[in-house]
Structure formats: structure tokens, C-alpha cells
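Data first, discussion second: the structure below is written as C-alpha cells.
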Amino acid sequence: MCGIFGVYSLSRENVAKKIYYGLFSLQHRGQEGAGIATSDSYNIYSYKNIGLVTEVFNDEILQNLIGYIGIGHVRYSTTGGKCLENCQPFVVKSSFGNIAIAHNGDLLNSEELRLELEKKGHIFTSSTDSEVIAQLLVRELLKTKDRVEAIQNTLKKLVGAYSLLIMFNDKIFAIRDPWGFKPLCLGRDEDNIYVSSEDCAINTLDAKFVRDLEPGEIVEIGEDINIYKIENEDIYNVELEGERVYKKAATCMFEYVYFARPDSTIDGISVYKVRKNIGRELAKEHPTDADIVSPIPDSGNTFALGYAEESKIPYYEGLMKNKYVGRTFILPSQNERELAVRLKLSPIRAVLENKRVVLVDDSIVRGTTSRRIVELVRKAGAKEVHLRIGCPKIISPCYYGIDMPTKKELIASNKDLESIRKEIGADSLGYVSLEGLIKAIGRKDLCLACLTGRYPTPIKFKKVKDY
Amino acid sequence: MCGIFGVYSLSRENVAKKIYYGLFSLQHRGQEGAGIATSDSYNIYSYKNIGLVTEVFNDEILQNLIGYIGIGHVRYSTTGGKCLENCQPFVVKSSFGNIAIAHNGDLLNSEELRLELEKKGHIFTSSTDSEVIAQLLVRELLKTKDRVEAIQNTLKKLVGAYSLLIMFNDKIFAIRDPWGFKPLCLGRDEDNIYVSSEDCAINTLDAKFVRDLEPGEIVEIGEDINIYKIENEDIYNVELEGERVYKKAATCMFEYVYFARPDSTIDGISVYKVRKNIGRELAKEHPTDADIVSPIPDSGNTFALGYAEESKIPYYEGLMKNKYVGRTFILPSQNERELAVRLKLSPIRAVLENKRVVLVDDSIVRGTTSRRIVELVRKAGAKEVHLRIGCPKIISPCYYGIDMPTKKELIASNKDLESIRKEIGADSLGYVSLEGLIKAIGRKDLCLACLTGRYPTPIKFKKVKDY
Amino acid sequence: MCGIFGVYSLSRENVAKKIYYGLFSLQHRGQEGAGIATSDSYNIYSYKNIGLVTEVFNDEILQNLIGYIGIGHVRYSTTGGKCLENCQPFVVKSSFGNIAIAHNGDLLNSEELRLELEKKGHIFTSSTDSEVIAQLLVRELLKTKDRVEAIQNTLKKLVGAYSLLIMFNDKIFAIRDPWGFKPLCLGRDEDNIYVSSEDCAINTLDAKFVRDLEPGEIVEIGEDINIYKIENEDIYNVELEGERVYKKAATCMFEYVYFARPDSTIDGISVYKVRKNIGRELAKEHPTDADIVSPIPDSGNTFALGYAEESKIPYYEGLMKNKYVGRTFILPSQNERELAVRLKLSPIRAVLENKRVVLVDDSIVRGTTSRRIVELVRKAGAKEVHLRIGCPKIISPCYYGIDMPTKKELIASNKDLESIRKEIGADSLGYVSLEGLIKAIGRKDLCLACLTGRYPTPIKFKKVKDY
Amino acid sequence: MCGIFGVYSLSRENVAKKIYYGLFSLQHRGQEGAGIATSDSYNIYSYKNIGLVTEVFNDEILQNLIGYIGIGHVRYSTTGGKCLENCQPFVVKSSFGNIAIAHNGDLLNSEELRLELEKKGHIFTSSTDSEVIAQLLVRELLKTKDRVEAIQNTLKKLVGAYSLLIMFNDKIFAIRDPWGFKPLCLGRDEDNIYVSSEDCAINTLDAKFVRDLEPGEIVEIGEDINIYKIENEDIYNVELEGERVYKKAATCMFEYVYFARPDSTIDGISVYKVRKNIGRELAKEHPTDADIVSPIPDSGNTFALGYAEESKIPYYEGLMKNKYVGRTFILPSQNERELAVRLKLSPIRAVLENKRVVLVDDSIVRGTTSRRIVELVRKAGAKEVHLRIGCPKIISPCYYGIDMPTKKELIASNKDLESIRKEIGADSLGYVSLEGLIKAIGRKDLCLACLTGRYPTPIKFKKVKDY
């Protein structure tokens, strides 16, 4: 995924610290690396490194990031290992001055674009999509001095998911791809204009949320704000190799279900409310005779509350999460995997003993963790364990930036419901239905590719990938 | 507070890693420092440092902690600043071999004991009670070769709170003071005997909880287990300076309300249940006409659930906690205190807007944070904010190991309810009553000194302290 | 300056550790950063960072640098501050596979080349010459599939100093510029072929020195070794803006005087012997009636030995160097500058007291340190202090990679000998003459630009620089 | 060994930074750990840790070390591994206020004293002699309020080497043992009184050397300075188990030969001059027909200069030392030991080739390094290698603080000269004679125990030690 955040200070104050707090509020979108680039309209200053926002930056580093314009990035590893080269913003020097790019999403045709550029003599120092975009953009700038036109021409070439911040010495361009895969929104206060992956970061800074970018929108942020569109009718209506391709927006449903922070609102819809609604749908679709509803914390909390509300079965915290698990934790050895789970999650016997428990979580990926938790809950005395999942079965890989295991590893891709239930060891198992999910979110222009196998863009580019 | 944990391996395996996981599960009891001392019956190996358990230890350090007997400690700063010298276990060389001591609690008469020892020519390298106990113990061992007798004679001199682990080369003695201020319990599995501040650590290691130590009990842990009592009728029934002194156990009520982990059971009573009960009591004592009940996370969660259950007002998560706040976080400047709160707690507008909100927390100390949170909730659209607190007003200092601000700083020590409400800015404010608290816990042998000003031990020793 | 080192293992062993030791032996050529890139003929693995070789690398990092071909670099800051981006080797992905480049020297026309490339749409992620060379090379590779031809065409464009290692997946190309500014030599043992800035690194690895690269030579290192020339008659004989431009080799005299390690031999001439000869020349040119000769350690040691030998005045160590001065040293405050010198250099009173002392050093740059040392020596009892300098007066900036202060700061650029002597406070002052220096080195094809202001290449490119 | 340094500021300025620079100048006396304790006459502030002075301290730590009185310590590992507990100054709280102790030397009877104290109920938290001295001192202070008397009574009990700084809240007592094993001297400037292991630290701070402490002297440093003697006729003239025990001072000859800095002066004798004299003695005792004299740097430098001067054979630097070898250096594997030597020492072929070389070093301990260096020099072309050693054969262990290998490991303890020569592979080998050494130092009251096996104190205490 990744998170991106930008600030333009109308009062010409340094913005690095605001970006630091913005990225901190977007930390849930990426924990692998963080970076900030700022501009004082003459030079670009940048710093990025592996680690959490609070680990990467300190006071001294922030003070050296001078400038009243700035963008930042938190990185979530989609491909390859941890690697400084792939941290962002990606900063380049060109004949059009310095350019910094921060990207959230995954391009489907980046390999193709990269090969084309290489054939023309371009070289690459990283494996990021940002570098591909930077090279394309500079080529377009050679053809036309109009920056907006150059950006538009560049974007026409991109297929896939991109919420993008492009910073020149004097301006930031904020862009959301025509499908609207990833969120991006604007905020402002008296002195600053903000752009952020989620409004939670804007709220944290006590600024006013202005609006979400519409799919296909380019917002030029400077003294004035100008709005442009990605003029690319082609990519809205492609029919390739007989695949059905959506014409309209296709926002990632996973943002609502798992990725975004519950206090965020995406395209006008509260993430918290969506999760509660899903819980209610689950209760309707998969009712149970049980004594308590308990979430698997923290991911299942809101879903469980919805389930409890609808089913009238009381909500209890049956498991506690250890908040001290960190990077330097010495993991138990291979044959102590159960201990690993218990170190992170503690069942409360006083709550679970002799109870029929509805356990609610957001999703099942491989199924191994779910199995261990069910076992833990039984060991703590639960008579029955009924697992309810707030996301339909994931059966297809995501090509737009969500890092999922290969098809083989996805428990739901090969097994029917009863087999999964057995493997996990629950007394009953229920996933929310696709219809239930759509109803709970309350919008239809969603990307549901990982649930249906139907992709909103052509995917021929990725065929080589071994899913 | 502090947490202590010990293991004796009957199968003579190294225990350092088990202690590491035990301390990790007790991390909530102290985040300032951590230490482990082990014995292979010939030597004592020890390591301690400032920081979290996961920061202090790594694989190499644990591997150097050889031995099948061991004790560990997590430190919570009661006095003075961070200081390596005051980390525990405290290890000494004496004519009776090596001795390691880990202590949870605060002695009232440690200064007196220290001065007496100094007058006899003893010197001190730390300001811990453990060192005082070690010196006393060695003196007693000079008088009698019987270790149990020496320990008993030592304990007779101590007034105050102490759950104590004393490790010799071949044995651990686990001790709980006659008042039973702090918890301490035993566990075991096929190969090991465990002693721990809370049973949550025993459960995490998948061992069986055996029982809580009774107040005044000394448990000798070796090949065999032997039980002794602290033979000290004097200290059970002291009448000093006209003060009323309890004869019976006086377990700290704060363990139930705030300190212990919710999945722990202290003296047979589930901490989770107590908190839920308190929530219910609050709802009975301070009912309100409201739309939602929301906790201040994480401390208020269970209280709020109880309140919701009793009041039938639906439970919502109105505030989200940022889990990435850590040690290296760059705090906002003085005049951005509000930002500091927002970085840690995010209100969910979709939940709070136009709602009458019952906000529930465990306690109010200074009142400043509560005021900022109430403000935050109002800003997010709440129409009314009713604050409910799961602990009666704190009006007196604790002398037994809970680090509280001085009387002046305690908002409840000088102000009446209405003044506090105004200062905090809530529409209504309700503390659980003393009776409600006792009823919720379900036992009467509690230390309620900080709520009543009546102390279960003489406190003349502490008079100098400027509370 | 910088140092470069490469290994090709004929027996297909991993070479990273050999490069580590090679770079360690070249550490004196650059202390700001270090990097290694290796190839297993399929992939390039690389790691670089700010710091000394021993700080940058550890066992784990070296083990991840897989491959039987590899190059390394130690960086000396020529321009700008410390910056990870500018560390080398510079690694790029291109349509011709991965390419890694390590560069020692400074191109005069890199800005021009960079601008040209930018105009063609190329972008830059660093400010290194290596990136410029990489981009040029890839463009040439588009034109001809012949790698040697492409390299030759690239080199034709470069004006300035470059000893260069270019690693492809399967080969290393070692290159020395037509002027031979910087040294570069070949070594080998049974299993490996080496290329190194100085032969000291080859000797350390117990390999055999083969020979120095000749100016203008390209050596292709693989299973076989092939030799090519830089076919560029133009750049050997340029006459630009009336400037006189050398046709022949122009090896940097500073390598002999200061930069190279004394146990190295450059172009067949022992660095140690040169320094000793200079000392002797100094004694002939600037004889003195004195009691002892003492070096300013360590830079002046060998010069002083030569002076002593020629003059028959006994050699003493009058000053001791503190070897514990490191990166984390807390410097005395501004008004304790004298203390700063004394912490690094200690005069031996027993040696200096009542003596007429000839103090010998390699060079004077700003003059401030020399002044403090003379003062120190006087304070320790010296009756007279005669300063002798093993390098003629530096009066012009270096454009080929030696980082010198601007002309204003060079004490010798504005002052005559007597003024300098007064400022430094010596009783007499003598620089070796240009003729003496040339005689001592024993070759005439030297670059003496910083001493004479006559540059072996056109320097129009650098005019903007404010020297 | 260890180094100690103290400052008393008459102008009541903070002294921590001065101690930092003092310890930095004494770093050669101990690289394992460092510590500083200061007093503002009310409290003692202290900090110590494993590592070099520059690694242990930073600006913040120094600023927290408040006070106008202070002492510091650099630790050299005599016994056991690296261990924070054993770092000094050792700081204790007692009924006589806080006391900090810094100790250079090794007590012979510390085990006995420790056992006696343990029998009286004292406990120990470290294995330092300082803690033994602290406990004894506090016991004596109980008997007499007179601090000087208490110190005198304490010192009477100590057998062995001790230069000692004892800091009370208001004063420092500087003490040198009756044998004068280790150096200790006084300095002052306008505002401060200094006490230091060596005068080099006093000179560095630009203070005036006052005088060495005499053996058996106690100097009380406060507003006034008072001098007392260790009144202990017994220990000056002990006859135990028929052993001959010296009555007079016995200063460690190794201080002159190896340990002290060459710019220091101990008991009025310049260390530099001693080394030069030894070199001359060596030339007289072991003349050779050779072409050059070369030191093994840095330890052999001054010896070699003396040898060259006396023999008229020219002095050359035949080996260069790599100054970048540090803590984090990745050592070559076991079968690359030769590489390890070459990484640290580089032979200069231009100097050594075809030469008959006199190689001079300070001492031979195990002989393995010497063998490798001789080999290195031969490989670099030397025709003959004649090894000359500035210290007589070491045949007995040191009980006074010099960490030597066990007797078995000492090459000279079992082998005759010819066997050693063969093992090392030199063409000839010469040690300076005992008489030559004494003559070179110019004093007879030396401890020569490691050379003769005759100890200036009874050594029955140490019998258990397996030498």
C-alpha cells in the first residue's frame, strides 16, 4: 500500500514537522520505510530510510529539511526485501529542475515502460514505479514546456493503481488514477494546503478536510489551486483479450475492510461505519446461538461490535493484545509457534470459560493464525467457537498494491467452506457475502478483483507472475 | 510497581528464555528497566539494563545467562530518574554465596533500616529496597545457618509492600508480605515451577496456575516445595500514634482497577470481571440519558462495556488509539499540547457527531489529559459529554509503590466534584463510589489508602515526604 | 581523492571479503563512505554507507554480497556534505544488464555532460561523476553492441581525472585517464586478478603486483585479460583559449607527497623514498644550525628522517600523536583551540627543552594548525623553531579531485614567505623548491597545477567556481 | 593497569569536562571502560560504561555530571571479562556521606580482606578492589571520626599496588602505596588542583606539573592541601615464609618500558629518555653488522632510535602501521593469521629489500606476533633480520596489575635464548640485560619481579593462582 502526505505552506513556514506528524498518522499504511522531501523553491532537501517514521527521523534531520513545500511517504513492502533504494520520495535532478515523487499503488505495466525506456538509453537506480514515472515525465517535459500537459501525457501511459504526489521546486501536483483505486484527499487550514492518503492525518493536524480527489483528477497545489483531468478515454474503456474491463471507478474494497484507519472517511463513507455494517451483515447472514461475541483484536473489534448489536448477543473482550510486541522481539523457535501466538494474544478465561463464543475477524489469509487462535480460545474453556469473517473469500491475487500470498497459499483459493472450517477447527465458519459487503460499504464502484477474479484493468502485463 | 518472575527447572534446562517471555508478559508492570539473574548452582549470571524487555535482551545475552534457576524483574520508576544502578535483580556476593533479589513494592521503613545498617558500617551502591533486604538478610545469616529462619528474621523488620524473590545458588524463595499488598502466584508444568506477579505470564507459557501466595507466606522452591509463614504477629496489629492499623490483608485495589492485565486473576478474582462490574456500578450510580457509551482507549474499554451493558446504551469506539507512539517520538512543542493528544487519540466523527456521549475512563489524576480529550470529543461533533470514572477520587498519596503525583497535583485532593467537572469541561461527571468499588471487586480486605487516607500500616516513617 | 579496488576470482569464490580487506588498506584515500558491489554473473549485489570501512560493513552484510566479481570504493568528500546518495559504487539497471561504477578523480566537464544529458531527457539521482559516466556509457551501448567501443566512445567525452572501474555482470573494465592523474595498478595471485588504486592493498592480500596501468589504458578483466587504449588524440593535445595544455602524462604530485601510503609504489617510484628524498632536498635548500630534527607526526615523519640524514642533525620524536582521537570526540569550545591541538599532539619536554628544533611537515594549507604547533613546541622549552615543509607553496586550486580550501584561505596564495613565517611564528621557514620536488620524485610528467597554476587540461569548464 | 585523574576547582566551576580530557590523555592506560564521579559538595553524580572515553561520554552525560570536585578512571581488564559492574569510580552511600573510589593497581590480599568482611556480614556487588577498600574505610570511619586516621588505618591493611583517589563530598584524597608501584602526580593551574596517573594529562590541560607523590603519601585536596604518610612500618619490612621482601620503593619498570606515554615523566625521569637509553644499551650489548635499524611501530620506535644513534646504523621506517584498525574490524579467519598481521603492519619493500635489518621492539610475550613480523620482513626482501628487545626476558607473573599470560604461555619462561630465536626465525636475537635496563632507567628502586621472580611484597596470598 504505502501512504503519502504533502503540505504547501502559504505563509512560507517550514513544513517538515507537519509532514512528520502527517506520516505518523499514516503509519498503518506502511511500516517498512519513510521519507520526506522538501523544497524552498530553490533546492530540494530529502531524507529517507528503513524503519518507522519515529525511527527514521529525529529533530536534527527534520531541521535540515528546509522549505515551505514538501511531500512524504511511508513504504509498505510490495516487492522484494527491505531496501533503502526503494524508499520514497524518489528525488531526481533534471533539466527541469529537481522533481520528487511519492507513489501509492502498483502499476501493471511498469515493466513494459521500464524496458521501453531502457531501450532508449535510460538507466534505473531503483525498482520503484516512481522512477519509471519520473523518467517518463522528464521525457514529456522535453516535448512540451507545459507541465500539466506533460503530466497528462505521462499519465496516459500508466495502467494500474496510483495516487501520486509530484513535487517541483514551486508546486505539488496531486493525482488520483482514473479508477480511483487508492484514496487521496485535500485539506487546509488558514496557512496550509494539505494532501493526504487519508483524512485522519488532516484531522490530526486540526486542519479542515476539503474533499476527496475524484478518480482521474490532477490537482495543482501552489499559491492557487487548479484542477485538471487525466484525459485518457482509452484507459477507461479497454477491452483486451476478451476480458471485461470496467469503465468506472473501482476503489479498493480492502481500504474499507482492513487497510484504512477506522477514523478515516473515504469518498464520503466512514470506514468505521462500514466495518460495523459488515458486522451486522454477518449476523444476518450467519446467525448463531451463542453466549458471547468476541473480536480477534484489534482487526476484528468493530466487526464484532456490529455482530453483537445485530444479534443481541453480548460483546466481550475475550482476547487481549500485547502491545509491547516490537521489532526486536526474540521469536520462539519453530516448534513453539503456539507460544508465539500466546505472547501476542491472551485469552481471558473468566470471559471464555464454558461459553459458546462467536469470534469475529476481518479476514483469513493463510488460515494458520486463525487455527491457533481458535485452539487458544478452546483451551481457555470455550465450549463452542464460531468464526465470522468480515471479508468474503479471497481467491485471486491483487495487482494493484496489496501484498498477498500466492494463490497456493491462500486457504480460500483451493478449499471449500467446510474444508476450511475443519482445518481451522471452528464449530462453524461464516464469511460475509459479496452482496453483504457491497451493501455494507454502500457503493458499487469498487475493485473486487481479489474476491471475484475480475479485474478493472487489463492484466495481460502480469501474466508472467506465478500466482 | 514492578513485575517479578521466577523459574526453577526440575529437568535442569536453561531458564533464561522462559524468564524473558515471562517478563515480556509482565511488561505492563514496568517499562523503565529489565533484568534477569540465573544460577547453575555454582555461579550466578546476570544482566540488566534500562529499557523494555525486548530492548534490553538479545539472543546472545540470553545464551550467556546459564542455569536452571532464575529470576527476573521489570522496573517501574517509583523514585528518582532512570538509573542502571536501580535496575534489578540485585546481585551480591556474600559469605553465604551469591544472592539475587527481585522486589515488587515499596518499604515504608527502608530509610530507617538503611540508616541503621550504615551506622553499623554497611555501605550502599544503589537506592533500592532490594539492597537493604540483602544486607539485612546476610546479617541474619551470620546469626543462624538456617536460611528460612534468617529470611523470617529479616522479614520481621520490613514494614510496607513486598512481593519478593530471593535466589540462592540452589533455590528460590518467593515471599508475599503479611498485608498481601502486591500479587504473587505459583504455576507449574511438567518440568518447571514458576512464580509470577500475575498468572497471565504463567498462562502465556502454557503452564498451569497453581495458586496465589497467601499474605505472609514464604515458599521455598527447589527439588521440593516447602511453605513457611512470616512469623510476625507484631506487624499484623500495630497501633502507632493513634493511627488505626489493619490487622488483615490489604491488597492494593489499584491492581484490579488499573495495574494488572485484564486476563489476570488476582486472589481468585478476575481483573476483567472487576472492571466490567465497576462499569455496571457506574451505570447504576451515575445513569445518564445518552446515545452512546465510548471508552477512552485502552484503559477505559472494559469499564465502558460494563456501563453499556447495564445502561443499555450502545457501546461504540468513539476514539482510536495510535499504536505507533514510541520512545523516539518527537513531541510537539509546548503550545501544541492539543496536537500531542490528537496524535495519540483520534476521534471518529462518524460515531460522535450529534451524539450525547458517555465517556468512560479508569481514573483521573491531574485532570489535564481528561480536559483535552473532552474537548477533542466535542470538536468531533458530540452534543454532550458525560464523563464516568472507574475509580473513586484519589485524595491521598500511596506509600506502597504506586507512583502518584503529590497531593497538590491530584485534582481531586482539593476540589469538589463540581469544580472538577467544570475544569474538565464535561456536561456531567461521576466517579464510582467506594462502596461500588468494593462491591465490584467482591472482597473487603483491600488497601484503599489513596482513596480514604487510612493506611494499613503505620506511616510515621514517611512523614518527611512532601506530599 | 577516493580509493577503488576490484577482484575477479578465476576459481569463482566469493570476493566480498577480499574487497573489504582491500578497501581497508585504502582507507587513507577516503574516510567519508564505503561501498562494495559484487556480481555472480546473474545479479549485482551492493551495499554502501557513510562511515569507515569497518563501520559500514559487518559479517552479515559481506555474506549477502555474493559473487566472484566485485568492485569497491572508499569515498573522500570532494564536494557537498556527507550524503549516502553520493557513495559508490554507483549501480544501475539498463537494457544492457546491471552496471556498477567506481570512480577516483574529478571530471572537469561533468556539469556540461550532465546538462547535455538532461537536455536529452536523462535524470540524475546523485551528483557523482559516476552517474554521468553511466548514462553516457549506456547511450553509447545503444549505438554499438561492442562494449569496448562503447567505453572508448564514452571516455572520449571525459576531460579530467579518472581512474575507473566499470563492472558488468561478467567482467570488470579498469581504466586510467590519458593524463594518468590518479594511480591504478594490477595484481594477481593463483586464483584472482586484482585492480587497486595503490599496490599496498595488493601486497596486504599477499598477491603479486603485476604493473601500473599506463595513462590512457583500458584493461578488460575476465577469464582473459585484454588491453585497449583510449583512442582520443584530441584530448591529448588541446589548445583552448590560449591556455597551454600538456600532451603527456601528468600524475598528481600530491600522491607522492601526501596522499598515498608510504609503502606504496606509484608508477615504479616508492612513495617512501620520494618523501625521504624531499627531506634531503629540504636540508640542502634550507640548512639550519639546530640541535634536533623532529617531525610533526605522522605526516612529517619520513620527510624529517631525510632532513636528519642529510643534515646530520639527530632525529628525535619531539611530539607524540594521540591515537584515540575519533569521530565521537567532544571538541573543546571555540576559545580552547589550543587545547584541541594539545589533545592530539603532545610535546615531549625532555626532548625539546633548550633545543634548537627543526620541525618538518608535509605541507601548510591554512597555516593555523602550524602556528599552534610552533607555539606548543616553544612552550615545551624549545629555544628556536625552524619549520621545513616538504611541498612547495600551494597557490592554485585543484580541479582534479584534491579538496583544497578556496584561494582566499590558502595562506601561501596571498602572502610572501616572510609574512607566512611571521604569522606562523617560526624562527625560519623553508619550503622545498619546485625543482627540488621534481628531483626528489624523479619524474617530470607530473601535474603541478596547484603549485604553478598551469593546468594539464583546459579548465574553462570550471570558471564559475569561486576560487 | 588503569589510569586515574582528579580535579578540585577552587573557583567552583564544573570539572567533568576537564576530567573527560584528562581521561582521554590517559586512554593508553585502559581501553575497556571509563567513568567519572563528581560532587557539588551535596550529592555525588556518576556515570561509567564499557568502551573508550570518547565512546562512553557525550555532551549530555557530561553536563549532568555537576560539581566542582571530581575523579575519573579508565579501566584495563586485569581479571574476568568486560563487565559494567567492575567499571570505576566505585560510588557508595554510607553513614559518612557518599564516597567514590578510583583505583589503579592490584591488591595481593583482596581475597583475604573480602572474606573477612563477608564473615562480618558485608556483601559485595562487584569484584573490584575498590569495593573492598570502600568497605574497610567505612568500618574505620565508624571507629574514628577523623577521616585521615580512618584512611591510614584502612591502608595499613592493604598489601599490593594502589594509586588511589578517594572522593568525599568535599574533598579528594590522593594516595600512592608505600612501594610506589604505580605513578601518581599533582598539578595545578590558577583555578584547579589536579591529580593524575601521569603528568601527560596535566600538560595537555596546560596546567603546571607540581610533583610526583612519594611512595606512602596521602594528599588531602580541598581548599587547602595537607600531606600525610601511610604509617605502616610493618608493611615496609615484612619477612614472610622466608621470602625476601624489599623495604624500599619498587616502582614498576614496565611503566617506563611499555605502559606510560613517552611524553610523561615518572618520578622525575622522562619515559622517552629511558626508552632511548634502552635502545642505546641494546646497541652496546648486542651490536650487529647491519644496513638499517627499523622499529616495530609504534611500540619499538624510540628504542630503535636509540639503537640507531648508538650503532650509527641509519634509522628507517621499514614497517607502517595501519591506523584504522578498530573495534568493529572483521578479523580474518583462523587460517589467515598472517593476513591479520599484514592488515595491521605493512612492510616497505623499497626500504627493506636486500637489506640486513635490525628490528627493534619493546618486548616479546608469546612470541607468535614477533615470528609473523620477522617473516613479513623477510618476504619484503630483507636479507637478514636481527631482533632486539627493549625489555629483559619476562619469566614470572605480575601480581600488581599488569595482565600477563600464564607462565606456560610466556615464551621466555621455558626456553633459552637460542630456542626462542629459532622459534621466531630471526638471524639473531638480543634482549637488553637487567643491568642495562636499570642503567637506562637510572634508578634502582624498581619492581623487577616479572624479570627476576623476586617480589617486593609477600605473595603467599596469590598461591592459588595457576601461573
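For reference, chains read A, B, C and D in written order, and residue numbers begin at 1 within each chain.
One rule holds in what follows: contacts are C-beta pairs under 8 Å (C-beta built on N, C-alpha and C of every residue); 3 or more make two chains touch, one makes a residue touch a chain.
The model shown is predicted, which means the values in this text are computed figures rather than measured ones.
Taking the mean Cα position of each chain as its centre, C sits at the greatest distance from chain B. Annotation: 49 Å between the Cα-based centres of chain A and chain C. Separating the CA-averaged centres of chain B and chain C is a span of 62 Å. Counting partner chains per residue, chain B has no residue touching two or more of them. The chain pairs satisfying the stated touch condition come to A-B, A-C, B-D, C-D.
Residues of chain C touching chain D in their complex: 17, 20-21, 24-25, 27-28, 52-55, 57-59, 62, 200, 203-206, 261-263, 265, 270, 272-273, 298, 301-302, 305, 309, 314-317, 320, 322-326, 328-330, 332, 338-339, 342-343, 346-351. Chain C makes touch with chain A in their complex at residues 84, 90-95, 99, 115, 118-125, 127, 134-135, 138-139, 142.
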